Amino acid sequence: MLPRPLRHAALCCALMLAAGTAGAKEAVKLVFIGPLTGGVSANGLGGRNATDLAVKLRNAGPKAKYRYELVSLDDECKPNIGVQVATKAAADRSIVAGVTHYCSTVAMATVDVYHKFGLPVVVWGAVLPDITYANDYAEVHRVNGTMINQNDTAAEFMTGLKYKRWAVIHDTTDYGKGHNKYFSEYLAKNGGRILGTFGVTADQQDFSAELTKIKELKPEVVYFGGTTPLGVRIRTQMDKLGVKAVFQGTSGIVSDAYIEGLGPLAEGSLAFREGAPMEKLPGGKFFLEQYNAQKYNDPPEAYGAFAFAAANLVMDAIEKVGPDRRKVRSELNRTRDYQSVVGTITFDDHRQNAVPLITKLVVQDGKWIVWEDSDYAKGKRKLVKP
Amino acid sequence: MNARVTQRPALWPAFVATAAVASFAYLFLRAEAQWEVAALAAGAVVALLVLGRTRLGAVVGSAWGARPTPLAWGALLAALVVVALFAEDHFALLMIATVLLYGVACLGLTIQFGYAGVVNFSGAAFFGVGGYTAAVLATHTALPHLLVVAVGGVLAGAIGSLLVLPLLRTRGHYAALITVAFAILFKTFLEVNDTLGGPQGLKVPGMRMLGWSFNDNILVGEDVELSFYLSYAVFSLLLLAGALVLVRRLERSWLGLSLDAVRIDETAASVFGFEVARWKILAFTLGNVLAGVAGAVYAMMTGFVAPASFTIAESLILVSIVILGGVGNPVGVLAATALVVVLPEKLQVIQEYRFLLFSGFVILVLLFRPEGLLPRKLRQYLPGWGRA
Amino acid sequence: MNEAALLRCEGLSVRFGGLTALNGFDLWLREGEILGLIGPNGSGKTTFFNTLTGLYRPASGRAWFAGAEITGLRPQAIYDAGIARTFQRSRLCLPLSVFDNLMIGNHRRLSLGLWFNLFRRTRFAGELQRHVERARALLAAFHPKLPERLFDPAGALGMIDRRRVEVCRALISEPRLLLLDEPSAGMTHDETRELMDDILATRERLPGLSIILIEHEMGVIERVSDRCVVLNFGEKICEGPFATVVADRQVQEAYLGVAA
Amino acid sequence: MDLSLLGQYVLNGLMLGTIYAMVAVGFTLFFGVLDVIKFSHGDVLMVGAFTGLVAYLGLSELGVQSNALLSLGVMLAAVLLIALLGAAMARWLVLPLRGAPPINVLLITLMAGTVLREAIRLFYPAGANPKPFPRLLPTDSISFGALTLRFDSAILIALGLASIVAVHLLVTRTKLGLAIRAVAQDSETAQVMGMNFQRVVLVTFAIGSALAALAGVTAGLYYNEINFGMGLLLGVIGFSAAVVGGLGNLYGAILGGFLFAGLQTLGAVWFAVPAYKDVFAFAVVILVMAWRPTGLIAEQSAERV
């Protein structure tokens, strides 16, 4: 969370101030790594812009001890390229810390590099649990929650709505497969039934065959583990083939693109995302205002706020202990009850942000609305009946 | 006349050229600022044009033709010097090793496509076979890693032989489709099927040889710490040198002649007794073996394999390297590899616009230099061959 | 006389889908004979060559060469049996050197072992040396000016020299039967005459060599052939010495038919 | 499985096959006249779809209401512009490379495709995200049991097939078609016969690309969603379909297209994990090539020796 005066400073002529106060201070380099090209580049660009925004604001603030420079690198969402750019950043001693990775496979491939070179990083978007839990690297932190928390809540919530019969579609990337795994687990715990599971490739266009099968199974809910592009296609084709069921997605479809892509069809889609509902937090509104003020080409997308939070977390640590990788690392490790635009951040013993709450979202009138304040919760509108 | 040479051309121009190339490579890898990169790129273009226009190129070329052995050693030495200069720079070494290993793979494609004319759009897949072999064997067996690398190559060759039958029956675009199909099939299968880590991929242990672990930095005295990538860079360099010698000798022998005959005119070749199938199989398998070996080392270096790294897009990159470099010319292929691997990296500054520019660049090359950067020359069976 | 025949074909027929390119074709050829094979375009001359060299499979009929049956053998086997040919459209490997092209014809004599080629470079150099000498000798015998082109790309040669090299590529394997498919195609009268001189000279040098020559230029046929066979619509319509053949009405009709 | 369900699958396959066939026909046309593979075909299709979308937005800006008019405008705009694009690519990328090995053409068009794709992603507003494509066709449907037949699907299938037939008639019945076939048979002779080779080539590429644009719009209208990557897989599949069917042969392309759609549908029905359907489809492709090396409907031209 940003101190008030800084906010005012930022609101007025952020950039000029940045220019003015520059020179004087010692420069500190941060790195952002994410997919800036290829299929999921939308999220990567959103994250980069958010990080860039955080840096700009920080530099604009009079309080800042250092002048921060952002080096952003493209991992193309390919593990081998990821290792390449991670090495580039980690081997560059002038870079103190990083805000890294949206694609889980890439994060999996790069954690070793960060550990080997002792570069403290904060993962801002990749959701695979193993990234933090399959190793014990003091360098690797994560502000966004894992798919575990997400699906735990999702399963409990949905069964709470008296739904019993699911069909699961997931893309065959680690993201989709992971979600399928954990959701199935928790759904079983909560007594929901899965009638059929369908893995599909991430670049698939036509789902009529799968959906025809699903239609036969007559599920009450179609659970989709995957990202926006596929989500849009599947939801559209459900309608085309007359599959009448609730569409329950994951954090992957929590994006403006999802709603833009579907138009009215998006109404009533459910999704879950770690972190407090942004609009609820004072910082959240501020973030969105500032982001829009910068006139970036691309929206922040679901994880922009996390990148923003991660960047600020890192910079606060540096402000506190100075631009030294070791010190910054242990400072980050110590993070407790840190107030950010995505809510309180507290790292567990695996430096995983034990996200206290999962936000339940539903599309209402072309917006992602927090479930509790939606007409659906109030009973004014109905999802497809169980 | 006799195939031996009577008056030997001077060597020094060639040595100077080698030195120039080496120092260029050094500067280019060092370059960070946009203007530096731009300047160096421009310089390279100019140099190429000059070489093309003036006799300089011919002089250097004839020197290489006449007395390759000393020059080859010189080149190897120069490469080692460059590597040594980066001894502490992890990233530069990683890039160098990457270039070298991709180079090995592309030499494999050169044998297949450049000589035998068997186009292969699943090069990355065979690269991947090597990588996955390394991942599995190095994790679950105590096999010495040199052997693991070898097995990676062999397996790539073996899996390649699955495609041999359809490849032999088809030609041109029909053959191309088979490899395209295989590339897609391979990646999708790895992703859907969890036995090999699925989309998450597998971790690969670092290489160890004779008790020497490649993944530890090398301490010289107390304060100097050399990058652990140094070991990989040197190993890859030796690997590449080996592959280069192999390809050269292959081309400068009856084998090379046979492959050319089969590529240029299958019908005529069969009328003159060539066993077309035999030669195609030889080239295809040999090529895949090289790709597999390179893939195995690469996987151990990056410590990770995942289907996403072995898509058809990657295969197409390999093919474009071979064509850019000059089909059938190993040296050209190496130059192109360096270009294709390093340039996008150097273009990181322009972020999301990289590929747009890169593809534009390739288009220009194809339009204005269709035979590639360094077109292949006539076969020289022996040093100093063919001077009447 | 058939006993003495080097090549004997009986009832060779070749069909492509509907049309019959060659129909019940009989032919025999003596050792050292030069046979002129003539006939209008599409009368099946080249088809016969392609069948003989194993590129096409005959639908019916059989062929014997030097006493052994060669019907339906693979091209490689037929080359080994001692039949070599040139092609109507020159099929030299233009990007390769003249020497390489000759070595392609010389395939049978090359040691193609992997180990030998890759690791026995000194022994390879020795073998190479011998083949260079043979190639040069052959070219020299064929035409004094050719040897100096030995290391030029075939693409750099003029039409007539390409033809010469192509004939040499066929001769270097020392075949017993040489098939020449329209060597005069695309050449001027003078060039054609030169080439024919060279071929006759070769014939003097190797009396054992038999030649079948496809040719449109009647002058050429008259000059070099001992005997002619005329094909029309895939069938043999006439056979005998040039004089008798050209006198034959059917033949004249066939050609007039084409002319008209 | 019951009949209505089967019917649904057939319907799906039909829709898919139609799109594939439209793409494949393009590949086969290009190969016919120039013996080249234009690998950017899929991306051209994608650009076609986006052109259609822009046309729609523009027309609605101008206050055009009627869906019929809109759909017509969308298709016309896409077809015309992409026809030009196709001709331009032929003129400045493909023709200059005549004489160069075919693989060069393949590579240059591949790169051109990347340029198109990246350009849309970067320069179309928020182009990295999927875009909604308007529902311009009547969406009401009739269903029998499991089978839901929507009018728009029916219309699109009809339209697609019609366009293919049109191209076929164009190639077989008209003077232009004669020229195209002549060039396809033997370009030298055709030139000798005084046909303007370049013009024939350009026209052919225009036609093929126009068909791709139509396919793009069809995909847009059917899926109601388009994205900058939609051309990638469609391109590869179209290529595969054309080759499996037998390059240079229209019927082959159509056959290949529907075959591939059939395989994918089958695969999706058979396998527990539908993602295997591509593994399955492409494996079958390899087998088919082993069985029929020059495609199901083999090339006519026996090699001239």
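General observations
Think of it as A, B, C and D in the order they're written, each chain with its own count starting at 1.
Simple rule for what comes next: a residue touches a chain if its C-beta (ideal position, glycine included) is under 8 Å from a C-beta of that chain, and two chains touch if they have at least 3 such contacts.
None of the values given here were measured: they were computed from a predicted structure.
Steps from subunit B to subunit D, minimised over paths through touching chains, total 1. Closest to the middle of the protein, by Cα centroid, lies chain B.
Across the assembly, the mean Cα position most removed from that of subunit B is the one of C. The geometric centre of subunit A is 37 Å away from that of subunit D, both derived from CA atoms. Taking the mean of the C-alpha atoms as each chain's centre, subunit A and subunit B sit 38 Å apart. Centre to centre, using the average C-alpha position, subunit A and subunit C are separated by 74 Å.
Separation between the centroids of subunit B and subunit C, computed from CA atoms only, is 42 Å. Across the assembly, subunit B contributes 188, 191-192, 267, 352, 355 as residues in contact with two or more other chains. Looking at subunit A, residues 37, 41, 45, 172, 199, 201 sit in touch with two or more other chains.
Among the residues of subunit D, those touching two or more other chains are numbered 118, 273, 275, 278, 305. Those residues of subunit B whose C-beta lies close enough to touch subunit C in the complex are 2-3, 246, 249-250, 253-255, 257-258, 260-261, 264-265, 267-275, 282, 378-379, 381-382, 385-388.
The residues of subunit D lying in touch with subunit A in their complex are 5, 8-9, 12, 15-16, 118, 121, 126, 128-132, 141, 143, 146, 148, 150, 153, 219, 222-225, 227, 229-230, 232-234, 264-265, 268-269, 273-275, 277-278.
Listing the residues of subunit C that touch subunit B in their complex gives 53-55, 74-76, 79-80, 84-85, 87, 91, 93-97, 99-100, 103-105, 107-108, 110-112, 114, 117-119, 121, 124-125, 128-129, 132, 148, 150-151, 153, 169, 173.
Of all the residues in subunit A, the ones that touch subunit B in their complex are 36-37, 41, 45, 72-74, 77-80, 83-85, 87-88, 90-92, 104-105, 108-109, 112, 116-117, 128, 130, 172-174, 177, 199, 201. Residues of subunit B that touch subunit A in their complex: 89-91, 94-95, 98, 188, 191-192, 194, 198-201, 203, 215, 227, 298, 302-306, 308-309, 345, 348, 351-352, 354-355.
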